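What follows is a group of structures, each given as structure tokens.
You will see chain A twice below: alongside chain B first, and alongside chain C after that.
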Partner chain A sequence: MRTFWILFAAEWRHFKAAKGLVLLTSLVLLVGLYGIYYGTSEINRQRQHLAELPALARHNVDELKVKFPGEADAGEIGYYHTTFAVHHPTPWASLSLGQRDVNPYYVKLRLLGLQGQLYASENVNPTKALSGNFDLAFVLVYLFPLLIIALCFNLLSSEKEQGILTLLLAQPVSAATLVGAKLAFRLALVLGLVLVLSVVAMLWAQVPPDGRVGLWLALALVYCLFWFGVAFLITSWQRNSAFNAVALVGVWLVLVVLVPGLLNVFVSAARPVPQDLELTIKQREEIHGGWDKPKTETMNRFFALYPQFRDTATIKERFVWRWYYAFQHLGDQSVQPLTVAYTNGLRQRYDLVNRLSWLSPAVAAQTSLNALAGSDLPAHLAFLGSASRYHYALRAFYYPYLFHKVAFTHADFAKEPTHTFTSTSEPATAASGLGKLLISAGVVFGAGLLLFRARPVNPR
Partner chain B sequence: MIQSIAQKEFVSTLRDRRFVVLSVLVLGLLLAATLVGRASYSTLQQERTLAQQTVNDQFHHQPNRHPHRVAHYGSFAFRPKSALSLLDSGLDSFTGASVFLEAHQQNSVNFSQAQQSGSLIRFGELTVAFVLQLLVPLLIVFLCFSAFTEERETGTLKLLLSQGVSLRQVAWGKIAGYGWAVALVVAPALALAAWLLFGQEEVAGNPDLWARLCLFVLSYAVYYFLWIVGSVVVSAWQDHARTALVTLLGCWMLGTIILPKATANVGAHLYPTITKAQMDAEVHEQAQKGINGHDPQDQRTAALKEDLLMQYGVTSEKDLPVSVPGLVMAESEAYTSKVYQQHFTDLTRTYERQNALSTLAGLLNPYQAIRPLSMSLAGSDFAHYVHFQQAAEAYRYQLVQRLNTLQAGMGYGDKERKLDAATWQAIPTFAYQAPPLRWALGYLLVPALALLLWAVGLSWLGLKVIDNTRVA
Partner chain C sequence: MTYILEAKDLRKQYPDKLALQGLNLQIEAGEVFCLLGQNGAGKSTTINLFLGFVQPTSGAAYINGLEVAKNPLEIKRHLAYIPENVMLYPHLTGLENLGLFSQLAGFAYAESELRDYLEQAGLPPEAVQRRVGTYSKGMRQKVGIAIAVAKHAKVLLLDEPTSGLDPKASNEFSELLGKLSGQGTAVFMATHDLFRAREVGTRVGIMREGELVDVRPTSFLNANELEQLYLHYTH
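Let's look at the complex of A and B:
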């Protein structure tokens, strides 16, 4: 054990002397801190934007109070009144922004047909979206493997190339202890860095101290362990440094760049979602068809859904609001199968990616971190579901005014339902990702050990 | 002499098993990406063409309706994929596909691919451009990192120089040789792409597309020239093949992964984007109260009415030959549209400011020069997207105003009457014409200049380094 610590300390002195490596490590630390700063400030900005929405809604109410000084027809209010369904981030989203930048985090709603409003997009700079987010998850998933590669590509080969290995192994030091100590030092360095960055990020983002802290740390650490395993496996091959570097970068390229790219192509081909355009066209057709259909037909279809309003007065006027909202409602109803197919299609895409994520630990890690942060597609779909339910609540609030011909007063604005939704973590997805990472790490380490066993270290 | 060195490099490269394996891999990926690009292009294009045709037919086959009903019925604009987007889909996955065009408001372009996938899409998409911009340079690095170090280590450099060849000539010979090898990998994929592209009838006779494709090939040629020269120079500058390789790989990672992301993020951070909700609220506010807050809408409406009564010399709205609501609607549409345009321009300018950092970084990082250049040529960059948005908005505006004019012509009490179904058939539908290359030239200028500066600078500086390189 003593020799192990002597070797460990020697590695530390080596590391300190190697200017390039120190520089690289500090660079990764700085870049990680920037990632944390960027992630938290981005989420804070979204929070601030969400906090500004109630003021906009209030402003709209004030405007309506001026426009309708006394009692008003609830139909007019429903038409001009805008309210917001909001999607608050979890504190964890600061660490892993996921898709929160491309998916809108609020929806502006009026009492009209929901499907025409639900998919409105937010102002997003597409060039920036293409480049992606520089958050802590990116640093962990993309850059840490590179740091590990830079630290480990000449784990044994540099000693061999400098002729030191023969000298070393002539001492009472086993090759296993040597490789173990070298790997242990690098592990301590990198895992320490991961730990420091993660803890800084958690404190900065003020995440609640629960099981997710452990899950995040486990994901980050095991993912790095996997890359050490890859480096260990390549080292056990016992080729020269240049070969190791090329092989490691090759593995990185395949697992972090190529497999995800190919997987993306495969998933979008295997689970097409052509319903989007169809949905948007059909909903308009249904809603506007409502104008030309006989009113009794429309109302009877509506009453089948809301039998409590069946006894209300028969419509004789050319235009009346309750009829207008009834066909808006029916428009949504008629595209219901398409809506379900669309969201199911998206969900299936996501599930397929999760099923195939064992192909690349980078994909497994990224999707797990996003699932933990509640910033991926399922969170957005859950938000859309919540926004739809909110819209139903709004309808339930306005319909009695419309059908029982109750005037809408200024006091009624305060009674209108409001919406809030906070995404939730998906620990199950994250845990299954962790399982995959553990298995992958085990496999590469096991293979490395076997190879070392089969081919004892050759000092020359 | 340069020629025989080039030929030697070319032949020995082809004999190198590592290169053959790698280049077959890259070529395979390129071909696969071309076919995938082609498949996704035709699926999306078909979907959108069909959707556009459907809504156009629906528009033309409306029953008797009041024009303002038609204005609310509206139409859709679906963004067609540009033909060259099968080579570089650029921002296409992050920009929406469809926008609903209706009276009174400008809707967002919805349903982007990115919103329809999980975070997997953020790893990057396997497009031809991705292979051309990221993987081919990597191939070049692996091909060239030992260009000088190997000759030095085996002592052949000294032999070569003793034949009366200068170091520069050796360098140029190697650059030419590697150039041929790279061309051998890239050319078949581009030929396939060109064949797929121009196999389509509507594309075959389009000189604009030919010009775009030629410039596309030319820019990548310059880009690869940069990587080859850079790799050869690094190989001459570093003592060992190992350090040369690590340096080059470091440059590759910094240039293609870290810098683009960092500059985009910093840019977006420096110039915050206004939210859609805030922007809509401001447009609404200014349209209601007047851009300067001095001419609110009700005053504008009252003034319009008074003018009309005066113009026709009558005292009551009933006696006017035109419909006042129709004219009021037209005035309000014009005013709102003006306000919206201002805000849209501001938003676009914010995006451009955010992107400026990346564009400037193109001067430091050739990848950030080729990326916008390639997207621009493929018609899938931000400028082309804005062009589509503006075309859709221009169509929306003229459609709504045309309908408002029809309403105005219906005279007093128009709400009780409808216009004949034939009216809608005479109204032209939305047909998007992507801008010609000439239009895009302005956006190509900075990145093209950056690439050329790099090419000249690297050749000049690099050869100075090579002059001073150690021979043994």
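Let's look at the complex of A and C:
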């Protein structure tokens, strides 16, 4: 053990002397801090937008009070009044933005057909989508493996190529102790960085000090361990530094770039999902078709859904709001199967990616961190579900005014339902990802150990 | 009798070459055995087998009575090794390199002691605090000698140790070997340097194609006779 610590301490001296590595490590630290800043800024921006929405809604109400100074038809109010379904982030979202930058974090709603409104703001800036997020999770999942590769590609080959290994192994030092001390030093360095960045990010984001702190750290630690395992496996092969570097970068490309890309293509093909645009167009066609359909037919279909309003007088006028909202409602009903297929399909895709994530620890780590941060697809689908329920609540609020011909007063605005939704972490998904990462790390370390034992280190 | 260094039917077969064929050799404490032979004769293979860097195909090598293959770490407490081309950590000073290797060997020397060892090996005092990256081959060789001496080993394995040393330093090294053997250290030196072998060796052995073909005490050989003997076996 004494020899181990002598070698460990010597590694610190070697590291300090390797200016390039010091520079690279400092750079990763700075990049990590930028990632924290980026993630926190993005979430703060979203929070600020969300905080401004109630004022916007109040402003809209004030405008409506001016437009309709006395009692008004609820149909007019429902048409002009805008309210919001809001998706608040968890503090953890700052560390792992997940899909919060591509999916809307609020939806502007009126009493009209829901489906078209749910997906109306799903457009993203393609340039921004191309560059992606630069949050702490990105730094950990994509860039830390490169740092580990830079630190470990010449773990043993450096001494061998410099000719120092013969003199080292002529001392009472086993190759296993030497490699162990070198790996342990690099592991301590990288895990120190992970710890510093994570703690800074957690303090900055003000995450609650609960079990998720441990889960985040465990995910980051085991993911890094996996990459150290890969480096150990390649080291055990005992090839030269150039070979090791190419092999390690190759593994990085395969596991971090190629497999996730192929997984995306495979999952898209295996779980086809109707496009939300298709859904919106179909709903819109149905709604527009409502103008030309006989009013009795429309109302009968609507009353089948809301029999409590069946005693409403027959519509003889050219236009009444209750008829208008009835065919809006039926527009949503007509795309209900598509809506279910769309959300189920997205969920199935997500589940399939999760099942196949053992193919790439990078995917397992990213999905786990997103699940922990409540910024993944299930969180977004839960928000869409919550927004839909809210829209139904709005309908339940306005329909009695419409169908019982009750006038809408200024005081009624205060009775209107409001919406709030905060995504929740999914520790079970994160824990499952941690399990996969542990197995992956165990496999590579095990394979490395077998190879290391099978190929005794020859210092020549 | 337990020899400090011993080979029993030591054989090493590589896939394409028989590097060592049945070496039998015993070296006692205080003896300086010089192994002569052309490149590829098996000298370095023999040293590698004693160091445990390669495993024998058959037979066994012993250091201080311990079988090398079965006690790979323990035997290294009893031996010191100076390769033909001593390579050290270039970013550390001579002092730091000696300190590190001594610590690994189990010795925690004070700086003044480390300086003494380096000085004893012939390294100029002003160089001890310089990075080894700035050293010449001869200076690195001197640090290698200091590392070996500071280890106080019972066996000194040397592979062309004077390569890169100037004549004065080589001479000082010969004196050092004499001093160490006088203190009971067994020295096993592979070399091409017939002059040095006859000067410091107590016995010389000539190796040809992996076989130790002749062993003689140097006390009965003058330089000319050793040269004739060497040429006889190697040409």
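Everything that follows uses one rule, which is that the second predicted complex is superposed on the first by the 454 of 460 C-alpha atoms of A that agree within 3 Å, B and C clash if a C-alpha of one lies under 4 Å from a C-alpha of the other, contacts with A are read in each partner's own complex, and residues count from 1 in each chain.
As a convention for this text, contacts are C-beta pairs under 8 Å (C-beta built on N, C-alpha and C of every residue); 3 or more make two chains touch, one makes a residue touch a chain.
It should be emphasised that the depicted structure is a prediction, and the values quoted were computed from it without experimental measurement.
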item	value
First (chain B), second (chain C), both or neither touched by A:Leu167	second
Partner chain in contact with A:Val267 - chain B first, chain C second, else both or neither	first
Chain B versus chain C as contact partner of A:Ala10, first or second or both or neither	second
Touched partner set for A:Leu56, first chain B, second chain C, both or neither	first
Touching partner for A:Asn458 - first (chain B), second (chain C), both, neither	second
Partner contacting more residues of chain A (chain B vs chain C)	B
Partner chain(s) touched by A:Leu258 [first = chain B, second = chain C, both, neither]	first
Chain C-contacting residues of chain A that also contact chain B	none
Chain C - residues contacting chain A, complex	48, 51, 53-55, 72-74, 76-77, 79-81, 83, 85-92, 96, 100-101, 103-106, 144, 147, 157
Of all residues in chain B, those that touch chain A in their complex	29, 36, 39-40, 43, 47-48, 51, 54-55, 58, 63, 65, 69, 72-74, 76, 78, 90-91, 93-98, 100, 107-126, 130, 134-135, 138, 142, 241-242, 245-246, 249, 253, 257-258, 260-265, 267-269, 272-281, 288, 347, 350-351, 354-355, 358, 381-382, 385
Chain C-facing residues of chain A, complex	3, 6-7, 10, 13-14, 17-18, 162-164, 166-174, 456, 458-460
Contact footprint of chain B on chain A as seen in their complex	31, 34, 38, 41, 45, 49, 52-53, 56, 59-60, 63, 84, 98-99, 102-104, 106, 108, 116, 119-134, 138, 142-143, 146, 150, 241-242, 245-246, 249, 253, 256-258, 260-265, 267-269, 272-274, 276-278, 280-281, 284-285, 288, 291-292, 346, 349-350, 353, 362-363, 366-367, 370, 375-377, 380
